[in-house]
């Protein structure tokens, strides 16, 4: 890849369980304002915009209509990716390399607190003919996947609980986090069972928030920013969508997406060449499953590594120093945006108490949640 | 920047009610597209999917549900979405997957199954309006079209009888399209006598709701030259969204289509669109909309589109044929697949493979355009053979 | 290098010169995103609404065959010879190689093994159930396909991954040609 | 390769709505409950509160001097926070209008049975900037006598009936 692309500006409103005082317009506007000031640009300079929105999580049946105003993208090239934030980031990356414009802006938003029937909306994503008639909670899909994962890799529920404890503790020092608390593994293990072996604490509560990221190609990035964060590799993959045809134990989507990103970044030994990672932990076991899928841990090694504190901030491979979905909140389409934001802040040295020492390369990985098998990975370095 | 060509295309029949599930419709179109250029699924490096509101097929995160039908099994797969403009945004999204150098081949699929919505797909359009300031008035999409058509007519003094000619032209053209749902020989009087939906819009002024899918295969230059001897190059892309406050804009002229077409013309190096574009497929969900978009696309001066229609310039035999395929009015309007059907029409016309829809005189430069949302998005693709 | 419009194209009429000039914007020192915010919590309001839609999904070509046979107490799959894969429930295409499978329907029997299972305490609306149900992914014997269904006539503690089960159908007259024609799967003796 | 009728014929199977209703074709029904409570935010919040008081309020952008309705916290063209709140009149002119015989579910109104067609319109509100309109209904006027530029005035619900919604204005009628 001759030309390189860097992230030169980030902006967020932070993530809280509810944001009653602002509508989605003001929420996005605030994040965009901060990102543009951080990058030192104006909407006029931006060549293309990508917004991330899924209709039923916004409450519109065409959600992209309401994206241009808040970003200053009126009468400009903007479109919406109903996917994960990192899908949009990849779109912006490709648009810059195709010469659509030297600067691109990516936006994502979560207003989950406005969704009164959230569980039913997720059920509405399941196959209407073979799965929905059973009228079971979508959490049963996570429960079944967790059961198969524990069975195949020998990981224990205590190790999954350790993930919850670690992430909620890390979130305490993250000013943007919405669900931080100090608890022990017993609390997680004894919390109410939702869909065995998944308990209430294994599931990340949702949060509201917005993230805007500004990308720029090589020279423009160096001209505008003194600390550009380079996109070294990016990958995304959709595995088979059917519950009847998928692999229930492994996260194949994360494996393929990661390999694509590693190939682009020229990485052969992810465990050594990557310093830390923000990994999707919408459910506790997912962090472990994704670690193993991305060759950062061998099969069955993620649980023990977490147990001995290997993934703590002080551990050998820090994971989710920000608190992850469990500590910050599940942001649905914006999950990837939060991961990218936290990796950029770590690489810029802006995370305060959670700051890792002399890190150069970070990985952000996301998953689109139940019932999808769509995963994304991006590798950033300063 | 790498040149990207369309090398293959496939489409399903368009029906008001199809039995197939959305996955099966997507599969049929994708399979035909791959067979048309003798490529296997393993030759495809990434898949791009365009489909409009999930509220039609009735499946949340519809992009993921359709991934296996679109040939995206364990491949990089991404959905894009700009309402009605999705169909022509599909090749644009696919174009920069290849032009960026990330991939050499890309499968672009567009699908829509509107008949799942019960009792009528129109109900899904209630929730495209602002949920607080407009939805309590229970608006429907036909109102906003009629509001725009009224403004368009009262600004330029166009008459309904002239605008009705678009329906006559497109439905006659559609008689030759294999997927057509409403090909018919009608007269202006039929259009004016058809029942009033929302004056000034009558029933024959509107394109039907349909189920259908379409797919095309894109390839980088070195692959395209090996796969086909007649690659059709995507030389210009452009898209733009206007503000969502549609009541604050003067609806007589589509600024967003002008901005999108300027971007595409600049990229394709076109200075005189009305002369250099030989064939066009403007978006025609409603009769007046084709004229509205012809003006936005700079293919004629403002207020001159009806005269152009009356002079027969936009007939198949005219020197700037518009909607030779039969357009949404004739072939059918499964929202996202309509846009891709238009891109396919230009692909087939420039290769001289449009059968009895083929316009005379070898056209070498064509344009497809789609519109969407609250009178808000213009997506334009310029193609050359 | 910032892209500027080429001189030959006449400038856009009307709102091209959007007044977002560099000098006017953002130079007013710290620019708070919003000049004003709610000061009293009682001023904060929201607007309730819904997306009022209902749906009828046709089961599709493969579904017609699969569910007509389900009424007769048979489970249909389709075989892709190229990938040596049998899909359950039947599909008209192979997602791996895109081969057409419409003339490869076969009866795959009603026996299978528990691939994974769970005890779910929540309904699809997120409401707590009094009595949990056992939901399971059942691999149909001799195929690579699964069915997601309930387990019956067994206690949750007794269920294990790999347990052989078989389908229990509703009485023939109650079958309507949908996935609920199978009541549940029960352990085979 | 030309796309022929034969190639396309088997790609889809035509159905009629009756076949599905009568069950000749198998189908599954589903009615999702998709309910929301959208936060209004300061701009729309104040707009609805003022509607409850029988007033229409707009907000001014200090850079492009547009007085915007419905009010918004930032000007989408200048991309700067908006400033002054300004009360505007409840009169206006018809920018464009429709005489609709169908409702939002594409159901036809019984026009012959004397039901008045809907006459929604974009109404430019006096006091707001030129061309700054809102969507609302027209009534107490012959649907075929409406013309572009017609002066209209809002007809409000009684104060008790008003709930802080756009429907607090019943409709606009000719001045």
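Per-chain residue numbering starts at 1, and chain names A, B, C and D are given in the order in which the chains are listed.
We take it that a residue touches a chain if its C-beta (ideal position, glycine included) is under 8 Å from a C-beta of that chain, and two chains touch if they have at least 3 such contacts.
These numbers come from a predicted model, not from an experiment.
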Contacting subunit A as well as subunit D are chains B, C
Count the C-beta contact pairs for A-C and for B-C, then tell me which is higher.
A-C
Separation of the C-alpha centres, subunit A versus subunit C, in whole Å, is 21
Roughly how far is subunit B from subunit C, going centre to centre by Cα mean, in whole Å?
29
Subunit C and subunit D have mean C-alpha positions lying a whole-number Å distance apart equal to 34
Where subunit A touches two or more other chains at once, the residues are 20-22, 26, 29, 42-43, 56, 59, 61, 68-69, 72, 74-75, 114, 116-117, 120-121, 123-124, 128-129, 132-133, 240, 245
For subunit B, which residues are shared contacts with two or more other chains?
17-21, 55, 58, 68, 73, 118-119, 123-127, 131-132, 243, 245, 255, 259
Within subunit D, the set of residues that touch 2 or more other chains is 13, 15, 20, 25, 28-30, 32-40, 42, 44, 48, 72-74, 76-77, 79, 165
Viewed as a graph of touching chains, is the assembly arranged as a line, ring, star, complete set, or other?
complete
Sort out for me which residues of subunit C touch subunit D in the complex.
15, 18-20, 24-25, 31-38, 43-51, 53-59, 61, 63-64, 67-68, 125, 177-178
For the complex, give me every residue of subunit B touching subunit C.
17-21, 23-24, 27, 30-31, 34, 40-42, 55, 58, 68-69, 71, 73, 116-119, 123-124, 126-127, 131-132, 135, 255, 258-259, 262, 265-266, 271
Which subunit A residues qualify as touching subunit B in the complex?
1, 54-56, 59-62, 64-69, 73-83, 87, 90-91, 93-100, 121-122, 124-125, 127-129, 235-242, 245, 252-253, 256, 260, 368, 371-374
Which bits of subunit B are touching subunit A when the two form their complex?
1, 21, 52-55, 58-68, 72-83, 89, 93, 95-97, 99-102, 124-125, 127-128, 130-131, 238-245, 255-256, 259, 263, 372-374, 376-377
Considering the complex alone, what residue numbers of subunit A touch subunit D?
19-26, 29, 42-43, 56, 59, 68-70, 72, 74, 111, 113-117, 120-121, 123-124, 128-129, 132-133
